[in-house]
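Going in written order, the chains are labelled A, B, C and D, and every chain counts its residues from 1.
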Amino acid sequence: MSGHFRPSRRAMLKVGLAGAATVASPAILRLTASAQSGPIKIGLPLALTGALGSVGQQQKRGAELYAKIQNAKGGILGRPIELLIEDTAGNPANCVRKAQEMVERRDCRLLTGITLSSEALAVVPKLAEWDSIFISSDNGDGRLTAESLVPNFFRANISGPMGTRAVSLYLRTAKLQKFYALGLDYAWGHNSVQVFEQEAVKSKKEFIGKVFAPTGTKDYSPYITKIRQSGADAVFLVLQGDDNNAFLSQAQQYRLPEKVKLLTEIVDLASIRAVGDASLGLIGSSRYSFTYDHPLNNEFVALWKKEHGTVPDTFEGEQWQCMKVFEAGIVKAGGIEAAKLRAALEDIEIESVKGKVHIRKCDHQGVQQGFMVEVVKKPGFDTPVPEVIATFPGDSTTPTCNTMTFKD
Amino acid sequence: MSTLALLLSQFVDALSQSALLFFLGVGLTLIFGLMRIVNFAHGALYMLGAFVGYSLGTWSGNYWLALAGAPLLVGLFGTAFEFSILRRLYRRDAHAFLMVTFGLALVVGEAVRLTWGSDALKVAAPPVLSGVVFLLDEPFPVYRLFLAATGIVVAVAIWQFLERSRLGLLIRATSQNADMANALGVDIKLIRSCVFGIGCGLAALGGVLAAPLVTASNGMAATVIIDAFVIVIIGGMGSFLGSLIGALLIGFVQVFGNYYAPDFALAFMYLVMLAVLVVRPGGLLGKEA
Amino acid sequence: MPLLELDGVTRRYGALVALDQVAMKVEEGEVRAVIGPNGAGKTTLFNVITGTVKPTTGAIRFSGQAIAGLPSHQICRLGLSRTFQITALFPEMSARENAQLAAQARHKQRWQPFGGGKIFKEAQALADAALEQLGLSGIADRPAGLLSHGDQRLLEVAMAMAQQPRVLLLDEPTQGLSVEETAQAVETLARFLQASRMTVLLVEHDMEVVFRLAHRITVLHRGAVIADGAPAEVKADPRVQDAYLGGLD
Amino acid sequence: MRGTTRLIWIVVALALLAAPLGLPPFAMTLLTEAVILGLFAMSLDLMFGYTRLVSFGHAAAYGFGAYACGWLLLHTGMPLLFAVFAAGLLTGVMAIGVGWICTLATGVSFSMLTLAFAQLLYAISFKWTSVTGGSDGLAGIPRTIGPFGFAALSSKTGFYYLALACLVGGFLVCRALVRSPFGAVLRGIRENEAKTTALGYNTRLYKIAVVAISYGLGGLAGALYAPFAGFANTELLFWLLSGQVLIMVIVGGAGTLIGPVLGAAFFMLMEHQLSAWTEAWALYFGLIFIAFVLFAPQGIWGLATGWLQMGRSRANPRL
């Protein structure tokens, strides 16, 4: 692991151009005095409505519980936490506008949430001008810590390539030999399938083929037929939200799981609830699972049950961890000024609900354990739950700095 | 899997998808034929159907009640909307309908989210429809056969209704010439309310039938409204038979297209529409537009 | 040379023959009426001449130039202006604006995308003259949609006249008018035709109107010309009487 | 009474010119975006309000302009000013083809053909990753100054003036157009296309021309948006935006040019503010549109002019 921050090629190019004075260097927005001492404002432009509203709502609940509990303890550095939560409906144009309002009008310099990767990619180039720090809690796109990396961006969550890597590591010891992949036809799907293919080839497995479906596909029968015909032992799925639910429901109706093992890049409770028993036997990586046995996680789950009467879902846990990273950084920096906070966050290490999280300096990715879970029936739960079946050390699931690829 | 088995299962798949598309399209085309308005809220009502079906199903534990009840309730809602708001607008130009139904789509969409939440909800098919049958030794979901059969039954029923029943006759007469029908003593207002309700009910039927395939979710409405438009326009605005043909065409093109050329999945529907409209600007069975 | 000449014009719709070998000649300054029972092909004849429908076979010549198959806007620009059986106006524009838009269609710079004061002025002069000819000057500023039916029919004629046509094609100019309205409109038209000496091709249902206005009459029956001559001759022709009685039952 | 109107115009113009002096940064951000969307809605009004060509795919213009401008700025080093106008021009040229095909049909079929083109562009933007960036879109679009040194245009204030100049320029072009002989023909097409053809106008050519101009201006708006927001992505080509811009035009008042600009500002600000107040913003948003249809059929512009006239008639009851 190299210890120095390496900005992206595009960022370097821009610096070069700026040097040639052909690009306007926008005036950087400095913090006002009140923002230096008043409440600590954390802005969350979230997709609370629309197709990914379910994810945005999880992030909202995760952040809100954190703020409530931390404020009861006196906030951070004695300053109360104020959450600015706004709905973007998942539209990057709205997201940029909302984030800009948080920065320009409400003097907020800390951003998180930002549900969609397309929104995050639209926001990150603005961070320097806004003098703001953005810590991702759910963006999966590997590029954010690779070619699109900017100095003020950090990722506390497990990225798409990391999730895929966990699945791949798990498969090295599994009997399954022949694989097919089905991904959503956008960056996340393509990145993850690509990583999976490389990993499968590396571990001497057979990668038979792949297919991509556009988001919003309602009928998965052509894809299910393709998977059945491929003769694969297992299919790797990179699906989310409605598409994931539609695929799992229809795959079960076709009795696909009896013939082909379903592996998935991401397991979350919302999907399990939406498809019920159709998720049984599903194996996949988990960004966060409430069933992971760790003192801090058990404490968090208990808190959550007390507050909401249910167990926390994937992005509720991810958001909680992200807030903990923010907290640690602010405490270490002694404030929220971007330059200091950035320096503090680089190389910071905390103990969180998922175990140790270390934000490495080189690409601002949070190095953390990878989890493999299997969806099973468990007494005490009326829907299936994900059970942790393997964990992998962070060093093995995190890509080489500034890339989406892995060494071995 | 033998080629024959593959083609057979794709054929039935396409029929089942066409059925879902048909429920959407036929409601839209009936409404357009009669009132010359484009109902932008059609997708939202489809979604409402799925959620109402979910609640009826969980409350009664009876799938068949949900299947019958959701279209009825959504149909009544449609009638009430026509009665209270649309009725005031027939003398106005098309903008008014465009905006009022756009508004309705937003209102219904958000009301669904507020009532049922953001998470997708599981709608299970009843046990009798949950199994598989073997088509040439390949498992095929019974539920899809049921969809295809329902599609055929509903299409025949609507056709017979339009051809044979008195109300059907009045609807056809009014579609062809509202003034004339009015002069002959047809209560156009009543017919309009009925047809708007029937159209909304059919959309809801599509929603409640689609739910076991795609779950009931907030994202349901977004894509289907465009599908419905495309079907209706390919068949010819206002033509019952046209909407049937449009649904079959799109159903088959999507199932076969997504299998054989998945890279073009996003474009198929529009390429078909483009081709049809360039050759026949009024749609396959439409009057020259 | 006749101004308008049709030769063997046939139009089929599948098995249906709407026009069957129609031949006719219209001389300059003549007012020619085309009559016939319902479905005789009168409106199809107009559509074929003005280019909205292409003839299946046959030739149409306008002052010697073959025009069959040309797009309708080009035929119109050669100097054939028509009115429609069902009133076709721009309802939200004033009567003057209606006529002005008609006049503008003949202007070389009708498409100019800016300014246009001079073009408008020239078009308005033609429009006002045409309105004057048909006695509509008094209502020039009223929206066309609000005019009486009779005035709307006359406005259509005025619009055609504003284009300074060489042939005027009138498709049932008194269609849909009451008896009194018809009488008034016919008087205005008769006065106008006498004064202007326009070449006119007129389709009309109402025999009284035809006999009042036409110099010469062509009778169509099932798409074919069955008689052609001066009003008195045609009136006496037994085939015409047959056709009419046959067509009315 | 023309004096009052003129006075109002002067006040509005001065206010817009002086806005950067008095408004806080975020208000300027909103105002700039409103100006850009206003130009977009106004461009549609040319088709929708003046020619009754209802485009269901106007996002094609906006998105195409945004991508074209973004690509030029990212990959050619072309200065901002040139890139913006080149992108608008490209969109207009592209639209000649679109117009040529779409005008084969009329009515709802025309609308659906425009939608088909927009959705095909949407599919292309997803698939042609090497140029469009795929689902990620183009991000980090710079406001390149270039060798001719329009440095001022790249700043926040400068960019606002650039957008404002485009809006005012677009308005002047559109107004000249609708008042010209060409515009008179458009009005004829709007009220009775068959009659317009019968009068000897080649209406299809007029329609293709108006589609090209309208898309060109819409593309100019999109071209401004890309360097304004710093990104261009597939959402800008999605049918949802096409629907929204139609609503902006109707809410503002179709066939008035200024109305749609107000409609766009109203739509954007309402959505922004309502969603800040409540998560259920879509509910109220929808109700507002229904209320508009029922109680303000002429749109915002109709309300404004009606209110002005009421003031006049009170001042001078004999009028």
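Everything below uses one rule, namely that a contact is a pair of C-beta atoms (placed from the backbone, for glycine too) under 8 Å apart; a residue touches a chain by one contact, two chains touch by 3 or more.
Just so it is clear, the model here is predicted, and its values are computed rather than measured.
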### Task
Compute the shortest path length in steps from subunit A to subunit C over the network of touching chains.
2
#### Entry: Identity of the most central chain, Cα criterion
D
#### Entry: Computed distance of Cα centres, subunit B from subunit A, in Å
37
### Query
Whole-Å distance, subunit B centre to subunit C centre, using C-alpha means?
47
### Task
Report, in whole Å, the distance between the mean C-alpha point of subunit C and the mean C-alpha point of subunit D.
43
### Task
Note the residues in subunit D that touch 2 or more other chains, in rising order.
126, 281-282
#### Entry: For subunit A, residues contacting two or more additional chains
48-49, 185, 214
### Message
Can you list every residue of subunit B that touches 2 or more other chains, as numbers and ranges?
### Response
110, 113, 222, 263, 266
### Query
Chain adjacency by touch: line, ring, star, complete or other shape?
other
### Task
Go ahead and list every pair of chains that touch.
A-B, A-D, B-D, C-D
### Residue ranges of subunit B touching subunit D (in the complex, touch as defined)
32, 38, 40, 85, 88-89, 92, 94-96, 98-100, 102-111, 113-114, 222, 226, 229-230, 233, 237, 263-264, 266-267, 269-271, 273-274, 277-278, 281-283, 286, 289
### Summary
The answer for subunit A against subunit B in the complex is residues 48-51, 53-54, 56-57, 185, 211-214, 216-219, 221-223, 225-226, 228-229, 241-242, 245-246, 249-250, 253-255, 270-271, 273-276
### Of all residues in subunit D, those that touch subunit B in their complex
54, 101, 104-109, 112-113, 115-117, 119-120, 122-123, 126-127, 239-240, 243, 246-247, 250-251, 254, 280-283, 285-290, 292-294, 297
### Message
Under the definition above, what is the set of subunit D residues touching subunit A in their complex?
### Response
24-27, 29-30, 33, 77, 126, 134-137, 139-147, 151, 154-156, 225, 229-231, 233-236, 271-272, 275-276, 279, 281-282
### Sites on subunit B touched by subunit A in the complex
1, 6, 9-10, 13, 17, 20, 110, 113, 118-122, 124-125, 130, 132, 139-141, 143-144, 210, 212-215, 217-220, 222-224, 254-256, 258-259, 262-263, 265-266
